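In the two assemblies presented below, chain A is common to both, partnered first by chain B and then by chain C.
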Partner chain A sequence: MTKLRPFRFILIFTCCVLFAFGLLLTPPVQSVDVRFSRTLVKVAYCLVMIGGGHATRDAATLRAPGGFGVEMRDGCNAVNVTILLWSAVLAFPAPWKMKTLGLAAGSAIVQVLNMMRFISLFYLGQYSMTWFDFAHAYLWESLLALDTLVVFWLWAKRAMRPRASPDARI
Partner chain B sequence: MQKCSTILVAGLLPLLCGVSTALAQQLNSFAVLGGSTVTNTGPAVVTGNLGVSPGSAVTGFPPGIVTGGSIHAADAVAAQAQSALTTLYNQLAGTTCNTDLTGQDLGGLTLIPGVYCFATSAQLTGTLTLNAQGNPNAVFLFKIGSTLTTASASSVSLINGASNCGVFWQIGSSATLGTNTVLAGSVVALTSITLNTGASVTGRVLARNGAVTLDTNSVTVCSGAAGLTPPTISKVFGAANIPPNGSTNLSFTATNPNAGPSLTGVAVADTLPAGLIVATPNGLTSSCGGGAITAAAGSSTVSLSGATLASSASCTFSINVTGTTLGAKNNVTGNVTANETGPGGTASATLTVQPAAPVTSGAPAMSLPMLAGFALLLMGLGSVLARKSQPRG
Partner chain C sequence: MREFKPARFLLRGSVLLIGLLTLWWFALLDPMLFLLKSAAGDFVRIEENPSGDWSLRVRVEKTVPATDLQPMARQIHSVDFDMQRSDVITFTFSLPVYWAIILATPGVRRNLRPLLWGTALMSAVELTLLVVFAGIMASGVAAQLAGSEEAGGRWIRMFGVYLVVNVLPYATPFVVALLLHRELRGAVFAIGQPTATRAASDRGHRLERQRAKSNRV
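This part shows the complex of A and B:
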């Protein structure tokens, strides 16, 4: 049974990924996806203003007074990364309570990081497009991937701890 | 030419305006030109050239004086001017009438630009008012079959931008201006012209075959070529929109619309609207050979002066401008001017300084290859950890 667990993980993970990305391509979910992106831009706008910055918001675009703007398009809202994390958490052999915790905490961490990414790109683009391109294409991708892997690893390690219940000790 | 066409009936226009433009240069400088003699009594003042051809007799200078020109008695210059006068006379005579005023006294009338005809003689008693209706290039032509006679102290009053260069008196025989008459325009007579004591003309006194007789008069050639169309100016921005602190090209094209003479001293000034300045460097290029262009980097004024435009020629000069504030910048030049004409029109163009288009994410938070690789990595990590995990209780 233990030997089968990796295969079971891969199978469930693959099924979850295919199902979730398939769902993401449907018009109703895409509509939700767009609204989600706009909400994230709203949050980013609020954070910039709270931080004493200056910006204007137009739909999914955050614009600086100088004219530079960053638009959050499909895929920029880190939903795809979240789907992968969710699929891994769901496929991993762990109690549902742990899975729920993993889904919630993992999603939050990924979104917080993506928000940092979005706002940093907003300021970086005003400073230098060269740095913007580098950070956009390489730096933040790597950080987001690393972050998700670490989140999953930490969660899985926690899920693998021997449970405190008498049954688990047997 | 175009402006003339707005005020005169179709068909007559090309002829009338064309006449003036083609011949203006040759006649431009002559205040007085006679066919047989030019005779003066008293201290007449002629401002401009005085000539006679084919006759050669010029008498009465002094006491008369010629300023701003010289006396051409039967010389080549006078002959050329006389030749031009013949052409001018014929073309004026061939112009179709707008309004027949035969039998009416011009005194007390107020006329708008057009061609007015008298089958026989014409009389001016009192004041004739010519209203250009705001068009400095307006042309008034009086075609008189036989004689023009003015009573003492008669006058021609020019209002609303009318120019004495745009008034023509084409006379089938002779003209006699009464004492102290103040006449405006070019008197073009087939035979003779007589100015009685104290009469003055601002324009030209041109007799084809006969004598010009002066008596203590003032004849001042008008300062421009009658009917010569002013230069035109156009301008265009290199782009309709630029981002803040972005630059684009601004080019001006000055054109001489006249088929005949050149225009000299072509000038135009342009004050850039607020939020638009001459770029640093200004990127000045010009095909306006003789013209001086001023466009200091960082300033908001651009000007051209002293350019010469040959017949039907254009010249272009351009600079780079920088938009410093957001918004639509509507830029209107001053009037383009030339030495030989009244003021020309203006040109306008609009440039919008607007925020740059948003930088759109070319790649998502994670590109597709990265996402696939990451999925495999996650799958590998998960499967390893799953293998090590304890069996569920």
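This part shows the complex of A and C:
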């Protein structure tokens, strides 16, 4: 295992972030992004229905019977924090097997949290628009970023954990 | 030194984020907007409308070439545009997020220095983001007026606005916290934790010692 070199980490992290966000804003990736958001809304709709709630779905919008609708737009599908997590994982000096595990498990955890965020916003918006605006743009976004940092932290801890080497297993 | 535990940090951080962002939303937002407006006044002319929206005037020097409709070339010296209050707020919310991250780490006295330095740094970052945002918007308007807007330039501006509005205000508090708080940085990046190589050599030494002991017996 190589030691963390701060400048190398910052350089690779910054390059990955700029490349990934640049790629995200290209038309082909944007269309994939929109389809991904629609799939997430489909999952949220199923979860609401399984939970005994009432909703209708229209493309990337989840609508309540009262008329309130919440649309999953670019940025609401946790792609931004996923890019930051991926960049940090790729920049960290760990074996590729660990990196793959970090990318897959980290993305899954972030998406589960984002689903909780989306469904909670769907119900919060029916109760109060002021609280919806606050929770949507600021509170949930920063909570998701904090969760992402902790996901990276747990992964880095695991990646650096000492493993038994063949020499030591005599 | 007390050990950092990710779960504890997450719990404290979440509670602090909810508390500090609520405090910011209800009590600190207006004073912070006032301070941001005063500080940004050195770079951009800002006027606040009764609705709370901001009208910005950014200095841009650009020549608009003559066209069929306008036979004389014109010189643009500044560009005016409005910003909704909800958009301006984005440039103040990183500070309470930063405070929550720092206060979530254990040790009050240890957090004092990063808290003070970070507050100054975050304030400067928020001001810079606002000024950069205003600059990008103004250059876009000027390019449109001059008819010199190319697809590449438009994409770069869109990319810049996306980073300044959707990424940096959310990511910067975490980056600054990791830069300024040594213990937090050490814990998150597992610095100082025994690596695989060192642990293996430690085990090797232990085994050698055990063998030597058994030979002596």
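In the analysis below, the second predicted complex is superposed on the first by the 161 of 170 C-alpha atoms of A that agree within 3 Å, B and C clash if a C-alpha of one lies under 4 Å from a C-alpha of the other, contacts with A are read in each partner's own complex, and residues count from 1 in each chain.
Note that contacts are C-beta pairs under 8 Å (C-beta built on N, C-alpha and C of every residue); 3 or more make two chains touch, one makes a residue touch a chain.
Computed from a prediction, not measured in an experiment: that's the story for all the values here.
Following the overlay on chain A, a clash is recorded for the pair chain B and chain C. By the touch criterion stated above, A:25 is placed in contact with chain C alone, chain B being left untouched.
With both complexes superposed, B is the one of chain B and chain C in contact with more chain A residues.
Once the two complexes are overlaid on the shared chain, A:70 sits against chain B while remaining clear of chain C. After overlaying the two complexes on the shared chain, residue contacts for A:160 are found with chain B and with chain C alike. Shared-chain residue A:141: touches chain B and chain C both.
Residue contacts after overlaying the shared chain place A:150 against chain C, while chain B stays out of touching range. Taken together, the two structures place residues 1, 3, 9, 17, 75, 80-81, 84, 92, 137, 141, 145, 149, 152-153, 156-157, 159-160, 162-163, 165, 167-168, 170 of chain A in contact with chain B in one case and with chain C in the other.
The residues of chain A lying in touch with chain C in their complex are 1, 3-4, 9, 17, 21-22, 25, 75, 80-81, 84, 92, 133-134, 137-139, 141-143, 145-147, 149-150, 152-154, 156-157, 159-165, 167-168, 170. Contact residues on chain C toward chain A in their complex (touch as defined above): 6-7, 9-10, 13-14, 17-18, 21, 25, 86, 89-90, 93, 97, 100-101, 155, 158-159, 162-163, 166-167, 170-171, 173-174, 187-191, 193-200, 203-204, 207. On the side of chain A, the complex with chain B involves touching residues 1-3, 5-10, 13-14, 17, 61, 63, 66-78, 80-81, 84-85, 87-88, 91-95, 114, 117, 125, 129, 132, 136-137, 140-141, 144-145, 148-149, 152-153, 156-157, 159-160, 162-163, 165, 167-168, 170.
Chain B makes touch with chain A in their complex at residues 243-244, 354-367, 370-371, 374-375, 377-379, 381-393.
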